[in-house]
Amino acid sequence: MTRKQLKIAVIGGGSSYTPELIEGFIHRYHELSIRDLFLVDVEEGREKLDIVGALAKRMVEEAGLPIRIHLTMNRKEAIRNADFITTQIRVGLLEARARDERIPLTYKCVGQETTGAGGFAKALRTIPVILDICKEIEELAPKAFLINFTNPAGLVTEAVIKYSNVKSIGLCNLPIGTNMQIAKMTNTDVSNVDIEWVGINHLNWTTKIQVKGKDILEEILNKSPGTEGLNVKNIPDFGWDRDFLRSLGSLPCGYLRYYYMSDKMLNEELDSLETKGTRAEVVMGIEKELFELYKDPVLNHKPKQLEKRGGAYYSLAAVNLITSIYNNKKDIQTVNIENKGILTCLNNDVSVEVNCVIDAEGAHPVQIDKQPEPHIRGLLQVVKAYEELTVEAAFNGDYDIALQALTVHPLVTSVDVAKPILDDILKENRDFLPQFH
Amino acid sequence: MTRKQLKIAVIGGGSSYTPELIEGFIHRYHELSIRDLFLVDVEEGREKLDIVGALAKRMVEEAGLPIRIHLTMNRKEAIRNADFITTQIRVGLLEARARDERIPLTYKCVGQETTGAGGFAKALRTIPVILDICKEIEELAPKAFLINFTNPAGLVTEAVIKYSNVKSIGLCNLPIGTNMQIAKMTNTDVSNVDIEWVGINHLNWTTKIQVKGKDILEEILNKSPGTEGLNVKNIPDFGWDRDFLRSLGSLPCGYLRYYYMSDKMLNEELDSLETKGTRAEVVMGIEKELFELYKDPVLNHKPKQLEKRGGAYYSLAAVNLITSIYNNKKDIQTVNIENKGILTCLNNDVSVEVNCVIDAEGAHPVQIDKQPEPHIRGLLQVVKAYEELTVEAAFNGDYDIALQALTVHPLVTSVDVAKPILDDILKENRDFLPQFH
Amino acid sequence: MTRKQLKIAVIGGGSSYTPELIEGFIHRYHELSIRDLFLVDVEEGREKLDIVGALAKRMVEEAGLPIRIHLTMNRKEAIRNADFITTQIRVGLLEARARDERIPLTYKCVGQETTGAGGFAKALRTIPVILDICKEIEELAPKAFLINFTNPAGLVTEAVIKYSNVKSIGLCNLPIGTNMQIAKMTNTDVSNVDIEWVGINHLNWTTKIQVKGKDILEEILNKSPGTEGLNVKNIPDFGWDRDFLRSLGSLPCGYLRYYYMSDKMLNEELDSLETKGTRAEVVMGIEKELFELYKDPVLNHKPKQLEKRGGAYYSLAAVNLITSIYNNKKDIQTVNIENKGILTCLNNDVSVEVNCVIDAEGAHPVQIDKQPEPHIRGLLQVVKAYEELTVEAAFNGDYDIALQALTVHPLVTSVDVAKPILDDILKENRDFLPQFH
Amino acid sequence: MTRKQLKIAVIGGGSSYTPELIEGFIHRYHELSIRDLFLVDVEEGREKLDIVGALAKRMVEEAGLPIRIHLTMNRKEAIRNADFITTQIRVGLLEARARDERIPLTYKCVGQETTGAGGFAKALRTIPVILDICKEIEELAPKAFLINFTNPAGLVTEAVIKYSNVKSIGLCNLPIGTNMQIAKMTNTDVSNVDIEWVGINHLNWTTKIQVKGKDILEEILNKSPGTEGLNVKNIPDFGWDRDFLRSLGSLPCGYLRYYYMSDKMLNEELDSLETKGTRAEVVMGIEKELFELYKDPVLNHKPKQLEKRGGAYYSLAAVNLITSIYNNKKDIQTVNIENKGILTCLNNDVSVEVNCVIDAEGAHPVQIDKQPEPHIRGLLQVVKAYEELTVEAAFNGDYDIALQALTVHPLVTSVDVAKPILDDILKENRDFLPQFH
């Protein structure tokens, strides 16, 4: 591949995460020659974009690199002829997230940003916007890769697979974060760590954890992780039942606590709601602080405080992925992609999160050694059924499909709560759900 | 087929249901020439067997038929060279059922004879006994058909498929009962009613309800059934949410209330436990009454009071099935059978409950018009995953597999309850679970 | 179903076969109350239609039945509001068939009406016409059943499945003819014969042959059939190799001689071509005779000479099928229908020829006991690949797809002959292949 | 992985190819620290082993490396605790190959070492020996990798998959050879060439040919390759039909000439047989010359003349594979491996030849972008059916299965030739086919 100078568009460029992404691009500039970096946002985010954009410019300048930073509200301008487009948007802002977390709790169901009824509401709001972006990409940059960070990443990726022709890869920081944690636990460089993942976004299990080619999964299982750090920041770190882990023979991702410890997690959320408000409200505070910091005209690097925000390694995941595509690297990364038969227990056209070879053409799944056993298979299948219905409802605004989606979700305990939760979601998100009108 | 004189063995012959079966055989004698009917039971059931057996003899005598009734504790004698073997056993008697219903409720999970953790316990006790019977059939009557009524019928059928070579068909009265109810609702003869079922035992949906070749399913759905009789006796008759039914486009069987109305059903069970005790305890009372009636030496027909017992039409289902095999009828009946690809969302070697052509060779599934949509598919898949694990655990007594089975069940809310429920089941059923020692 | 008076349209009504069909309708009138029977043909067939139509009217009159026979060139008039539409057309007449048989022989490949390159040519001509008829049915009689006899019946059925919404069943006389032959061989009534077929039209195997519920397949195989009548009229009756039959464990249909005895069949065709001309030319002679007979104004029944024509039992197959749909009979017949998973080795959307339950809604495949072993599977798969490509090429006139179709066919030995055969077919059928211009 | 010193066993070590393998090990010593290299052969090969072994020792000495070469007839000694075992055996020597090539030609069928009836005979002889080796590996070196070069490599790999527990990878030089040819054609280093293969050993198609990440397949197809070198030495280089290549949209491997140009290839073979004898006989001459050269006591490198022998790059393929496993490289190589769902048109437990990620645990297939279209699918399926039957027959010596295998093969034109070919093969290979006695 002739090394062309790249144009990258970051949609949701005003996000508090952006400095991390900028840092990543700067560190990798030697193998990723970006010429134009467009940070694009919506009118409501103009102020944030200006603050973050100015910081980004200072960072690039400090690094002495010829990357041109562009700030714009004109999404089409940003997308036109871009090579890579990343999305990190939040339709309805943190206010909407607070509602997503609160509504299900009212009916004694888990209220979480990406899992359960909360993630469902977020999907309904987000998918139409992403599909609008896809239409613009199809028209203005048909060869571009869409790198989607926006949550719920699995559902969003599936919508793009099913309803657009854009080359798209969904990205989550959980797999790379686990690699980093394992590297730390075993005192080795992360390049020595290989993990096999089976599942879908935020519902996956590690079936192999290799350090220098040697599988240490069983060792890890016996150490009862979860009490010791194999988790993500925003999930309460309840320890796993040892017998249960042994019976599984694989390590569930942190989000699986919502399924395996539903009662405990629900109670924690209910308590937490009373004492601290929703997680969204906590994050609002952190964000406010961060933007204060970003305003500092002498700040020219990513401030340490950003780490409190959660989402660690998002930037690393993104930069790794873009670099491997650009350089036809053929290394292995864990991303969200069309199933096409890798998990035979799911339909071919759904999104899965698995190890892929990354080359100039995108991501090619590597076959897993063994298809999942009934326990994992069953849970995957029922949650994927929920996801398929949710993607369909988000696309066509069909109430019946939406009701079926919520009802089949294992964290929504019956039709008697599914229906009022759905009705509340539709009412409170009215402005963001044109497809349902 | 040359019409040979039949030998039929009824294992669990001392059951209070037996008079209904006898009545069925008598009514159908013109096309089902039974010569020898063995009623076989275990030592603890000798008294009941004597009572029921005497009544059976009086019934046959009254009918003036040359059927020879044999009462025996010698199972092998009954099985040897039999043409059909039916099972209606209850390992651990109603006392065990009472425990099955009570243990899960202690942990705020549904406690039911065939569904959820209660059905799980029953499967663990029953499957080894059925497989022992299968070994005897393989040896003593390898060409016989095993007609299994014993609950949980789907799990038992699956165990026989996976771990024996016996020709076996599992039978439930729910499908035939629904046909009867539809016939009544539409004032027609049951022979004019054809229903397409999709699913597995006690977890199925009607996707077509035809009366004289015309589909009236939509009409039925709009009439909000469930409040009007499309249910089985032992399930509280809470009405279905109309919007939900419409969204489904199919009619769930009565047992699906445990999934779609979990909270309501659980609360009803908890209340009921306090006021009336478990359903097992209610049934004990009914049974006692029935056996008092049966003792009456002038009684020579099935007493009307048997209807209170539940299980209506079991006898009709059994007699229909045996008659169609015997006469190579090639009519359609709904039975439990190996999947072999009929429901493509489930493995080939699991049991399903679907419409079959019944001929001299047994049951041959008729292809359904449309594979289930995601909502039904997802629920089927997760419950079948539970069933596969349960069958495996029942066969090999593996604690880990048993724990995975209970944990993946949608009606067991978390590992935190799955584990103590499992431990209680194993402890309280110790005498009936040799495979776990 | 309320018994409505039927309207039936016979497209290709001027066929020499029609008297047999009329006879069938007359015999079955007591359960098939036809009011209007439209015989429709194209302008070139007007003379034949008049002759056959007049005979049909005399037959109905003789039978004293109130069936109204209509003769027309107006296909739409015939289709409008029809209940059943049957097709028995021959695009390009027997002249085209003669070319189909001759072209492949020029290149030392089998030249046959429905198999190999000959059947391929016939499919290219026929499918567009059938799809035109389907468009009219969709518009004018959307609830009608299309009963297709037109060869190649499997390919035509598959085209209808893939490119129309018409309810369609493809019909061949081979299965019913085999039942009749078995009944004769075993001196029993045909109602006692049940055969399980596995495969696709003109490429299928019997895997069970039951007489009164008892399987006699092995007996039949040992009798080395094929020398004794289990064949169709138009295929040279070379005997099967006994060892080969035993190794297969199933009885191949007569057309499989083209695959299993390619050399012998090819040589026979080459010889036959020299001495008698093509089969088409032989048939032309027979047809001419038949129409002379039909003209006789006192003839009021099907003349015996029609039997020489081949195609025995077509009428019986058609009348059986229509009667079972009309009366919601739920009996079992062997027809061509969408696969939908019955043969798991083939795609879901292709046509297969298998046993089906026939009811008011059409044909529902009965699951076969065992999926085909590798030998049968492999042959089925490669021929079906040819069929899929042929249907696609017939629909969209794509030269490349057509070339791939012929090249993958086992009876076309290489690209070096596939290409000139294809070019000759396209040239000589130019007037009938508008899709390729 | 701690770098342990390796033990490698080469079964068939007396082969004329061995010097190339030795050269490969020497060149790669810096990343492949071999301590012990066992060359093992059978008694009949002792002389050749001595000659080749002495040359190998001189080569290692010249290179100044501490690799210890061991020559032995004791296979178990060689296998015990080996890390890698490679096989390059020829059961029945070149004399048997001559028979494999001659017998089918007698019946006017293609006679080739690995394809058609010749490859079938070779499989029957070879598979039992390889499975014996596997039993020894299971016992003496259960963690070893078996790297199998022995032809027919696909059939041998499938036998190992189905009938042993050995970790096994089958290897062919065709994919690597194609990479080398493409590199040469495009004047680039082979490391810049990535090819996607679809299919099974000696029956595969390239569906992507990337040079530096850019797909040039279409360009290659338009250049009408095959006349210009994309072929292997032992296959007549007839040019492809340009229209046919375009219609395929992929480049067939050289062996596909036997299928796509059957007549031409057969005629070439018949001519060649008369003028030059079989290919085996030609090779005997070359081998004789080679061994004369090898005897030269001053020769201490691989002689150039070995290239005439065919089999170019075998050594490179083997050394690449072993090195990547040893170093957990995670690069991509094209090998024969269990399908497990990569080609959904074939069963899971068959062997396929596809791109794999090679790591410390072996080979993990990379998902292909698009499942094969009907033309390729159909041919793959029918040949794989032949392969499945052949593997089964080779294992259990079942005449019926063997007959079915040959009959379903597209290059065996009918049962009438399949049977005498089979009978000749069984008779002439009697000493090597104990499983058939």
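For reference, chains read A, B, C and D in written order, and residue numbers begin at 1 within each chain.
Methods note: a contact is a pair of C-beta atoms (placed from the backbone, for glycine too) under 8 Å apart; a residue touches a chain by one contact, two chains touch by 3 or more.
Treat the numbers as computed from the prediction; the structure is a model and nothing was measured.
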* To do: Starting from the mean Cα coordinates of chain C and chain D, work out the distance between those two points in Å.
  => 46
* Asked: Approximately how many whole Å separate the CA-defined centres of chain B and chain D?
  -> 56
* Where does chain A touch two or more other chains at once, residue-wise? -> none
* Asked: Taking chains as nodes and touches as edges, what kind of graph is this: line, ring, star, complete or other?
  -> ring
* Structure fact -> Pairwise, the chains that touch are A-B, A-D, B-C, C-D
* Report the residues of chain B in contact with chain C in the complex, numbered from low to high. => 1, 194, 210, 212-214, 328, 330-332, 340-342, 344, 357, 359-361, 364-367, 369, 371
* **Touch list for chain A against partner chain B, complex** => 241, 243-244, 246-248, 259-264, 345, 373-375, 377-379, 381-386, 388-389, 399-401, 403-405, 407-408, 410, 413-417, 419
